[in-house]
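The structures considered in this document are given below.
In the two assemblies presented below, chain A is common to both, partnered first by chain B and then by chain C.
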Partner chain A sequence: MLKVRNLHARVAGREILRGIDLSMNHGEVHAIMGPNGSGKSTLARVLSGHPEYEVTEGEVLFEGENLLEMEPEERARAGVFMAFQYPVEIPGVNNAYFLKAALNTMRKHRGEEELDAMEFMTLVRDRMKQLDMDEALLSRPVNEGFSGGEKKRNEIFQMAVLEPKLGVLDETDSGLDIDALRVVAHGVNTMRNADRSFLVVTHYQRLLNYIVPDVVHVLTDGRIIRSGGKELALELEDKGYGWLEEPVGLK
Partner chain B sequence: MTTSTETIEQLATREYKHGFYTDVEQETIPRGLSEDVVRMISAKKDEPEWLLEWRLQAYRVWLTMREPSWGNIKYGPIDYQNIIYYAAPKQKKTLSSLDEVDPEIRRTFEKLGISLEEQKILSGVAVDAVFDSVSVATTFKEKLAGLGIIFCSFSEAVQNHPALVRKYLGTVVPYSDNFFATLNSAVFSDGSFAYIPKGVRCPMELSTYFRINAKETGQFERTLIIAEEGSYVSYLEGCTAPMRDENQLHAAVVELVALDNATIKYSTVQNWYPGDKDGKGGIYNFVTKRGKCQGVNSKITWTQVETGSAITWKYPGCILQGDNSIGEFYSVATTNNWQQADTGTKMIHLGKNTKSTIVSKGISAGHGQNTYRGLVKIAKGAKRAHNYSQCDSLLIGDKCGAHTFPYLEIKNSTARVEHEASTSKIGEDQIFYCRQRGLSSEDAVNMIVSGFCREVFRQLPMEFAVEAQKLLSISLEGSVG
Partner chain C sequence: MTQSLENYKQAFANSRNRRSPAEPAELVRTREEALNRFLAVGFPTTRDEEWRFTSVAPIAGHAFTLAEAAANAGHRDVAPLRLPGVFGAELVFVDGRFALALSSIDELPRGVRLGSLADDAGSHANGTESHLARVAPFDRRAFVALNTALFTDGAYIQIPAHTVMEKPIHVLFVSSGETDGRRAAMSHPRVLAVLGDDSQAAIVESYAGPEGALYFTNVVTEIVLGENAVLDHYKLQHESTEAYHVGAMFLKAARSAHCASHSISLGGSIVRNDVVAVLDGEGGECTLNGLYLADGHRLIDNHTTIDHAMPHCGSREIYKGILADRARGVFNGKIIVRPDAQKTDAKQTNRALLLSEDAQVNSKPELEIFANDVKCTHGAAIGQLDEDAVFYLRSRGLSLAEARHMLIHAFAGDVLNRMPLEAIRNGVEAVLRRQLARALAVAA
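For the complex of A and B:
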């Protein structure tokens, strides 16, 4: 589903990604771990087409299509969803209205009927229950005045409504207490199926207790220096990232 | 993705949608302004002596006045002697039905999407179409007449209802009011007149489409609306103008009078040619609009959506004279490219328990400069007067500006005055967030802008609100990549 080859990218003239190779199959959950500044979030943003990041080399294929040639909204419509590390506030725009516009744009793109207000609300209520969210959030402006936890939950809620093929979670666990973390993880786990994949970017192993990954990649200095099964995350938790940076045979 | 870093800086490249020119024979008078010209205009319109005198008084006062310079707007000098003060499409005979209207003019209306038949059949809106200076077609008159409502061109009102015109003309905006209103008083060409008799609720929205068409013709509209005791009327004004290189001066005057328990809603969507993306051309719009809540419990609501004109200078206000009267002002003003707007309101509280509400939303994009200027004046006798003002500015990009000048004059200690203001910016991060959810940049901007304006749009009649929203998105098109 996703093939990243020798991906180089920079922001504000500084090279952050220095040759990422990554291959994900349908239905897989991959975790990207790494110390601060290693390029984890950059990878997530590059995949979603953030305008501040410039790709200098390499290629990304998503379902066989050249992702890097697509505009951010085209990527979204093709099924790439990013849960933001810092969800953006949009004052004056009602959360439900926003989400309905987004959903119907995607449905239209897929050649499906647009949902009317009633159908939309039925869908939304169901997803809100899953994520234990207060319905009042729907009528509030997008993310405005939301607590940190509410914002993160709102991201997962949007993902649950939009049903992407690939969910990219950019440090969704940061700033969440343990209860909220469980709820968010439950939301993601409910969505897991044979077709849908997730790329979970996280600094801590904690989240991976709840969203159990198939593959764990360790990113340091813009490169993946180690990939392994879910045990790798536990090992990292135990030994820290320094353990991986020293070994022989790796630059 | 390649150009997206400069998205916000990219400016509108879109051509003005309504920029075409209709070839209709025009009857004009020579350039320039003099007592003779004033007399000529009055004579062409076959006006009574008192009205000519009124015009001449205005003209003489105007000669002693100076163009105001306090506005937060910049423009080159206007040569008042280089303006043609009267133009009328040549008509061979009086018209008894729409079929007799010049086909050229009809086609223009159709291009603008305001075909009179359609208006008649579909929307139930009576349209008094002002093409340049003279009304060419009026509809629904009979139905309104059945209720005793008078809705006609100003010139017709002068001919057919001179007593009413004479009684109210200049009672809200006197001929000596200000430079532009005084100029208008001297040379006004035509406009609309509405009179709602006692206790009548006008069953349809009254609307007028204004259009400036004759080349280099200043447009001096004059509108007068009178709502008798216990009556109600909602009036819509919508404007489009063809593309021009020369700047065109527009100085309209609107007067509203609401008697005891009467309500007037006056809604405007203004879409005159704003000039091109380099700031060349566009309409200079210097308007004086004022309503008088003369009777007790009367109410006047101004709602405006200002998207056009190179320069907008207007402060629709309310004189709250009757006890318990209410004045409201809801405004959206957009400036894109090199447009400048200095707009707001004046709420003059004279009566007891008078209330006013001001909601102003300014949107600036490109190099646009948007100024809110508002006066809230509470006179000594206005016990327990209450004003609430809210002024919000939204910036798109970093080359535009938003300015707020609230003036408060309070002479009564029982008054309650609240003022809130905010300035926000549509950021790259907001647009990217929307795009990541599948929405295009334009949709993202439209969504953010209409969210920002919602409180004002809510005040507009339904079909007008839809049109206003469309206009807004057209006028901001290209303000982001």
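For the complex of A and C:
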């Protein structure tokens, strides 16, 4: 479903990604781990089409299509969803209004009927319940005045409503207490199926106890230096990243 | 005297025979004074501090003629501007002249009087003689002087004490855009509203004309609020984007009166709105909200003054502007706190959203505080659309245009949502959406 080949990218003139290769199949969960500054979040942002990130080399195919040539909204409509590390607050834009507009845009794109207000509310209530969210958040402006945990939950909630093919979670676990982490993980696990894939970017192994990955990649200095099964995450937890960097001679 | 001023002298002579013969001698004298004042000072220039950023040279350079009452304007022209079922009374003026056939007045509460000033301008018949042309000083305001000299018609609204007008009143000024073949038309309408003690009303002033037409509207509104009176006021300026619109509203509020005035300026080529609110009794409250949108080479200038003359009065002011292309906005918000006005609580906010690199805004708060136990705050911010927010919305599948629309509407909504009349709010949103689509299409 997703093929990343020799991806190089930079931001503000600085090269952050230096040749990423990654291949994901339908229904798989891949985790991207790595120390601060390794390029984890850059990878997520490049995939979502953030305008500040410039791709200098390589290609990304999503369902066979050239993702890098698509506008951010085209990527979203094609089925890529980005759960942001720091979701932006948007004063004056009502959460429910925004989400309904987004969902109906997607549905139109997929050739489905748009949902009316009643159908939308039924769907939304169901998803909110799943994520143990306060319905009052719906009538508030997008993310405005939300706590850190509420913002992260709101991201997963949006994902649950929009039902993408690929969910990219950018450090969704950072700053979450264990209860919120369980709720968020439950939300993601409920969505897992044979077609839908997730790319989970995280700094901590803890999240992977709840969202169990099929593949773990370790990213250092803009390259994937090791890929393995879920046990790799546990080993990292024990030994730190230094253990991996030495054998491949990067230090 | 320049030729341009000569033109207005001629207009004054022509306007004489349009006036009511019943006009009190004092009003006739006031008009002469006003004309002389205007001829003495002429149009303001950018050397005048109050007009520093707004050149009215294009207005001064045109030889406008007084609009003939275009009997041609029919229901068809006016219909889109009306909101059926919303208003208790609708007074329609075409080219500054009352159009009885287009107007409608439901059954009014006892004692409420409203109608055309021309019918009995300032006469004892409608009891307006004690206020007409007395609330709006023209000494230092050339356009007010010009209006005072030249107005021949307009609306008067009188709500007696202890009377609640349940439905809002609409005063609609439509310009036909018709010319005499050579020269563009001008109109100088007048609005006078007098609310008695303990009364309550909502008044909507609308200004409109056919898109693309060039004409000049110069309006003066005088509003007097009795003790404890409550007024919800709207000025909706939807003029042609080629038209010139200059308007001044003067409001005087007695003890414990409450007034909210919402100014929406979406049309006009050169627009100047002056609002002067005097809180002239203890415990008065005044809210001034404003929203303006300009694209192309248009200019919209809002000058507001809130004069706290007495203690324990409060004022809240929020003005927001959206500027695209090479448009310019001016905001000048003066707050005066007189020596007697202790315990004043005044708050002013001014924001502008620039949608292009060439758009610009000049914003200036002016606080003149002569009392010592007061609370006055002001804040101004000018910025572009939040790019992170645009990206966030796009990452959820909304197009760039949709994302921008959503954010701009959110920006405007902050002002629109403060307007209590839902029908008006919806009407303004529709016009805003249309204007915005145009402004963004050019920007894209």
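Keep in mind that, in the parts below, the second predicted complex is superposed on the first by the 247 of 251 C-alpha atoms of A that agree within 3 Å, B and C clash if a C-alpha of one lies under 4 Å from a C-alpha of the other, contacts with A are read in each partner's own complex, and residues count from 1 in each chain.
Methods note: contacts are C-beta pairs under 8 Å (C-beta built on N, C-alpha and C of every residue); 3 or more make two chains touch, one makes a residue touch a chain.
Here the structure is a predicted model, which means the values were calculated and not measured.
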* To do: For A:L68, decide between first (touching chain B), second (touching chain C), both and neither.
  => first
* Asked: Does chain B (first) or chain C (second) touch A:S174, or do both, or does neither?
  -> neither
* To do: Overlap the chain B and chain C contact sets on chain A and report the shared residues.
  => 48-51, 71-73, 75-77, 81-82, 84, 87-88, 90-93, 98-99, 101-102, 105-106, 109, 141, 158, 162
* Where on chain B is chain A touching in the complex? -> 1, 4-5, 7, 424, 427-430, 432-441, 443, 447-448, 451-452, 454
* Structure fact -> Per the touch rule, the chain A residues reaching chain C in their complex are 48-51, 71-73, 75-77, 81-82, 84, 87-88, 90-93, 98-99, 101-102, 105-106, 109, 141-142, 158, 162
* chain B-facing residues of chain A, complex -> 48-52, 55, 68, 70-73, 75-77, 81-82, 84, 87-94, 97-99, 101-102, 105-106, 109, 141, 158, 162
* Structure fact -> Seen from chain C, its contact residues with chain A in the complex are 386-389, 391-400, 402-403, 406-407, 409-411, 413-414
